[in-house]
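Attaching a single structure in structure tokens format; questions to follow.
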Amino acid sequence: MSRTPPPRRDAFPAFVPMQTRWNDNDEYGHLNNATYLELFDTAITYWQMDNGIEVRGPDAWRFVVVENGCTYFREVGFPDRLSAGLRITRLGSSSYRIEVALFREGEEEAASLGYFVNVLTDAEARPTPMPEDLKARFAPLVVD
Amino acid sequence: MSRTPPPRRDAFPAFVPMQTRWNDNDEYGHLNNATYLELFDTAITYWQMDNGIEVRGPDAWRFVVVENGCTYFREVGFPDRLSAGLRITRLGSSSYRIEVALFREGEEEAASLGYFVNVLTDAEARPTPMPEDLKARFAPLVVD
Amino acid sequence: MSRTPPPRRDAFPAFVPMQTRWNDNDEYGHLNNATYLELFDTAITYWQMDNGIEVRGPDAWRFVVVENGCTYFREVGFPDRLSAGLRITRLGSSSYRIEVALFREGEEEAASLGYFVNVLTDAEARPTPMPEDLKARFAPLVVD
Amino acid sequence: MSRTPPPRRDAFPAFVPMQTRWNDNDEYGHLNNATYLELFDTAITYWQMDNGIEVRGPDAWRFVVVENGCTYFREVGFPDRLSAGLRITRLGSSSYRIEVALFREGEEEAASLGYFVNVLTDAEARPTPMPEDLKARFAPLVVD
């Protein structure tokens, strides 16, 4: 298989530190696949809350994940202290594609690269355009 | 240490089958402690929903856990198919104590015994008496 | 966005029943993304164990996930009783692509479709060809 | 009910910072009970590893949890940044009782107080005395 090489830290405009937990490791002694998604979700949410994008409570923007995935380059596991790099590779009208890479301390190459395609929905769960001021808040993460 | 012996199946008036998951096992190859609480919570909730006690949605009874705990008698783990035995050992005015035991297939003695002290709360999160018809719904679980 | 339509039950040769848990739902009241991977992993592992493919213990085949992903068609959540459909869409020399779809009770169309690309590795964590008798065990899942 | 009042920070000799995750909150919008145990376990393990008590790998000390529990004083939830206070209230021959309290940022009183009774076991899973140098490593956590 030819695969995309792991991205490097300088390809991500923002980072969130991530703590691992004892039970994140499964019987094989490394991070279970599901744990990656817990970390990705958490990193994105912390960044959104720190950047004025409300995702909790009655006034929250309601984004729905329509697709996600992850490529694994090398194993990580508890007690690794990780860093999640964030970037948006497509900021569309009502949806965007955000990528999250996990880096181990002292490593320049990502251990894994995940992505989410998120769609803004209205009260009837239909896709709805993102207002310009919401898109502006995502701008710091957008890369070419 | 002298410890309470493990209870047997005939000490529980109701049972809920429980499926384990690959990632329930931690690095030691057996169920992580936190997983037990996931299973206990789930067993109690399934029983409540099957017995007309609404715990989800706008009309839900809101019980708050003030205390819980577990005694472990023997290890269990994925891929065990488990059975959760339920019993209420104290049904008070606004609170009750419910116990959940996990049994492995073919075993009469519990592998673990957990308990929860739950308090019914009102809209201001204060303890409030359980109405008689709610208490009646719990009656099938009450043991001496 | 144009998306692949959800697959139907008759597109999967095998099924595993899946129990949801109270805490599988996140604050939005439906299954958290990470939970899907817990279920996918568990369904695949149960099938493998039921079909003579050892994945635990000292004699286990050691498959490494190099890539996975999921498309979400409609929301599911606790207390749904789900069914996981399994199929292999590519059975290569040292790797295979397995797809897992989650179906709600009484529904013919999948609520979500996940996939994993798994590679068999040797003791030095290098890709290694699957022996013919191992490939034969996967045969019942292979679809065109 | 009369209950033990929540302990304060100055009752704990050591602390470990704890990150919460988006999916730690359940449908009620606060930390699920099982998550507390994930955090307790993780705090204890980080402290042990930082203090020369090996709990992973072939040379690990193998402690078995025989009993645990938690008292909940007030709700916490994602995105709280928490601090876990640790103390040992009984250091016996082959077992010890360790308590873990969770504190929210800026609060002096614990939001919850958990405990674990851990027993050192030998290769046959029987209780075995802790050597003096192992007990000495736990000493910094022991309180009256």
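First chain written, first letter: the chains are A, B, C and D, and each begins at residue 1.
Criterion: a residue touches a chain if its C-beta (ideal position, glycine included) is under 8 Å from a C-beta of that chain, and two chains touch if they have at least 3 such contacts.
No experiment lies behind these values; they were computed from the predicted model shown.
Each of A-C and B-C has its own count of C-beta contacts, and the greater count is at A-C.
With centres defined as mean CA coordinates, chain C is found 22 Å away from chain A. Note on chain placement: the centre of chain A and the centre of chain B lie 35 Å apart, centres being C-alpha means.
Mean C-alpha position of chain B lies 30 Å from that of chain C.
Counting partner chains per residue, chain C has residues 22-23, 27, 29, 32, 34-35, 38, 41, 56, 78 touching two or more of them. Taken chain by chain, the contacts link every pair, so each chain touches all the others. Residues of chain A that touch chain C in their complex: 1, 3, 27-28, 32-38, 41, 56, 62, 64-72, 95. The part of chain C that touches chain D in the complex is made up of residues 22-23, 25-27, 29, 32, 34-35, 78. Contact residues on chain C toward chain B in their complex (touch as defined above): 17-19, 21-23, 29, 38-39, 41-42, 45-46, 49, 56, 78-79.
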